[in-house]
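Below is one structure, written out as C-alpha cells; the observations come after it.
Chain lettering (A, B and C) follows the sequence in which the chains are written, and residue indices restart at 1 in each chain.
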Amino acid sequence: MTLSMSERLVEAVLFAAEGPLTAQEIARHAAIEEGVLPHLKALADHYSGRGIELVERGGRWHFQTAPDLSYILRREREEPRKLSRAAVETLAIIAYHEPVSRAEIEAIRGVQVAKGTLDVLMEAGWVRPAGRREVPGRPLIYATTADFLAHFGLASRRDLPGIEDLRAAGLLDPIDLAMESMEVRTLFDTDEADEGDGEEEL
Amino acid sequence: MTLSMSERLVEAVLFAAEGPLTAQEIARHAAIEEGVLPHLKALADHYSGRGIELVERGGRWHFQTAPDLSYILRREREEPRKLSRAAVETLAIIAYHEPVSRAEIEAIRGVQVAKGTLDVLMEAGWVRPAGRREVPGRPLIYATTADFLAHFGLASRRDLPGIEDLRAAGLLDPIDLAMESMEVRTLFDTDEADEGDGEEEL
Amino acid sequence: MSGDVRAPEQLEIDRLLGDSDWADPIRRKPGDAVLTVSTEGWEGPLDLLLALARTQKVDLREISILALVEQYLRFIEEAVELRLELAADYLVMAAWLAYLKSGLLLPREAQPDPSPEELALRLHLRLQRLEAMREAGARLMARDRIGRDVFLRPAPEGLHRPKSIVWQASLFDLIQAYGHVKARTAPRIHIVARRPVMTLEEAIERVSRLIGMKLDWADLRSFLPEHADPQLKRSALASSFVAALELAKQGRVEIRQEATFAPLYLKAAGQ
C-alpha cells in the first residue's frame, strides 16, 4: 500500500510521540492544514490485524502492540504493581459515577476512603480533582483522566464494561433516587444516616 | 498485506523493544523457533516508503522515522525540562495563596526562594507580577495566569484541593520528611500566622 | 468475582457458621485448634454482609434479608463467644440488624416508621451497588492494560515543539508539592487515628464490676461512662449490650425488659 505524504507524516508523528496525541496536536506537529481524521482512520485500517495497532482513547491516538500477542510479549516483563482491593473499588466507583465526591464513594463502599487510596490513583495519573460540587461544604469531586482511558484500553467512558446495563438497572443512581423510583414511601428524607437510628433504640 | 503470526510477533517485539535487537534476540523475545531473517526482510519491504522504516545497523534491527521526515523530531536542546522541586513548591504556594510576595512565599516554604525560581515560573507563563503590596518596602506580589489554569486543567483556583482534601488523600502525611531533612536548607523564622491568613482567602 | 472459587474468608465463614443451610460447610471437628476468625478479612460490616450474602448462592436480587441478618448476627455472636475484639461499627451494625429483624418479624400493624421493609430494601440496594462496583472493578482490571497486555514504544524520540523550552509539571506534582510544604512547616499535631472505642473486654470488665455495686435492677445506660464523648458512648452502648448478653449467658447477670424497645435492666444474678 502506498501512503500519501500526509499519511506518512501522521504515521511518523504518532510513532515518535511521547504520549497519545489529539487530532489537532497531530495536525500541528505534522504541519498539515487539512483534517487528519481521514488519515488516522486509513492508518488504523491499514494496521488492523498487524503486530501493532493504532487506537483512539479518549480522543487521543497512539500506537500499541496488538492485545492478542500479550501472552508472548508479557513474558520476561514485570507485572505492573497490583492495586489494592480498596483502590480498585474506588477507581471503579469514580469511573462509573464521575464526577463523585469522597463522601459519595464512602457511601457506596460503606467504609471511609483510606488515606493513600486517592493518592495512589492520582499519582498513577488515572484520577484528578475535577472541581467542586456546588452544595454546602463545596466538596471536591473526582473524575478519571484521559490516561485512565488509555491505560485500560477504553475509547471513551461509554466503553466502561457493563456501564449501560448498570445504568439501565439504576445501579448508578443514588439509593434515595432508586427508592423513589420504586415508589416506596420515603418518610426520612435523609440518606444513609437512617441506619444509625437503630442502635439508639436498644 | 496480511501478516503471518510470526511476522506480527516480530513487528510487535521490535516496536516494544528498548533498543535495536539482533535476529537472535528477536527470535527469543518472540518465541519463534525458525529463522526470523525472512520475516525481517518482508517487514522491511513492507515499511519501505512509509513514515516509519525498519533498518538494520551492524546486525541489529530497529524501527525509525523515515529520514526525510526527521525534521518533525525534537532537536536535542529542546528536551522538555522538569520543574525543580523548589519551583513546583513555589508555584503551588503562589496558586494557593495569591497574591503573595517573595518574603511571604519564603515564610510559607520555610526555605529561601531563589530569584531564578520565580523567573522560571514567569518564563513558563504560569506566574505574573500582580502589583505591589501596600506595606513598607512595597514588595512585588505574584499571582498565577490563565495559562496556569489551562495547563493544569483547572476551571478556577477554587478547584484546587483544600487542606482537608489533601489530608484525606494522604498528601499531608510526612512520608518524605526523612528525605527532606537531608536537604541542606536555610530555615527562616516561619510565621505560622501568615499561613493561616492565606488559607482563609482560598 | 463470581463462580465457585471460594475466597479464604468465605471458607472461614462456612467454618464459623458450621451449618448446611447456606453452603457446603467445612465442619469443625471437636478439639480443633482455635479458630482464626477475625473481622480483619473484611473492609467493614457492609463488606462482611456482602460476603455472607454470597454464601446464599443465589442472585443478589433474590437474597433473603432476614436470613442474611441472622447470618450476620450469628457471625457476631460466634466472634463474641470466641472473645474476639470486634470493631464498634460491626456491633453497631449488629444492633441495627437486630432492630431490623425484630421489625421484620412484627405483625404488620405494629411496625414502626420507617417500615422495616423500607430499611431492608435500602440495605439490599446498598449491597447491590457495592457488588456492582466490585464486579466493575474486576472487569476493568481484566482489560488489555498498557504495560501488562499491550505495550508502547519505551523510548520514543519525541516531537519538535513550537516553544523552545517547555516546562513539565502535572496537577498532581503541584498539589503533592503543596502537601509537602504544609506537612513540613505545619506545627506537628499527632492525632491518633483510632476512634474512641470501648472493646468488648473492657465492657465485660466494666459491667461485671459495676453490677456488684448495684443493689436493684439498673438501666443498661447507667453502666456507661458518664463524661465520654458521643462516639465513645455509641461504642460503649453497643459493647455493654453485648457484654450484658455474654454475662447473662454465663449466669452472672439477669436481664429484664418490660416491652420491645423498652430500656434494658440488669441485676447481678442470685441477688
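Brief remarks follow.
Here, contacts are C-beta pairs under 8 Å (C-beta built on N, C-alpha and C of every residue); 3 or more make two chains touch, one makes a residue touch a chain.
As the structure is a prediction and not an experimental result, all values here were calculated from the model.
Judged by contacting C-beta pairs, the busier of the interfaces A-C and B-C is A-C. Using mean Cα coordinates as chain centres, the one most removed from chain B is C.
Measuring from the average of all protein CA coordinates, the nearest chain centre is that of A. One finds 21 Å separating the Cα centroids of chain A and chain B. For the pair chain A and chain C, the distance between mean C-alpha positions equals 30 Å.
If each chain is reduced to the centroid of its CA atoms, chain B and chain C end up 42 Å from each other. The set of chain B residues touching two or more other chains comprises 12, 15-16, 65, 72-73, 153, 160-161, 171, 173. Residue positions 151-153, 157-160, 170-171, 175-176 of chain C each touch two or more of the other chains.
For chain A in complex with chain B, the touching residues are 1-3, 7-13, 15-16, 29-30, 49-52, 63, 65-66, 69, 72-73, 75-76, 102, 113-119, 122, 128-132, 138, 140. Remark: chain B residues 12, 15-19, 65, 71-75, 77-83, 85, 87-89, 91-93, 95-96, 108-110, 120, 123-124, 126, 152-154, 160-161, 163, 166, 171-174, 176-177, 180, 190, 192, 195 touch chain C in the complex. On the chain A side of its complex with chain C, the touching residues are 13, 15-18, 28-29, 62-67, 70, 73-74, 79-80, 83, 85-86, 88-89, 91-93, 95-96, 108-111, 122-123, 125, 128-129, 150-154, 160-163, 166, 169, 171, 175, 178-179, 182, 184-188, 192, 194-199, 201-202.
Considering their complex, residues 43-47, 92-93, 95-100, 113-115, 117-119, 121-122, 125-126, 128-130, 132-141, 143-153, 156-160, 162, 170-172, 175-176, 220, 234, 237-238, 241, 261, 264 of chain C touch chain A. On chain C, the positions that touch chain B within their shared complex are 151-155, 157-161, 164-171, 173-187.
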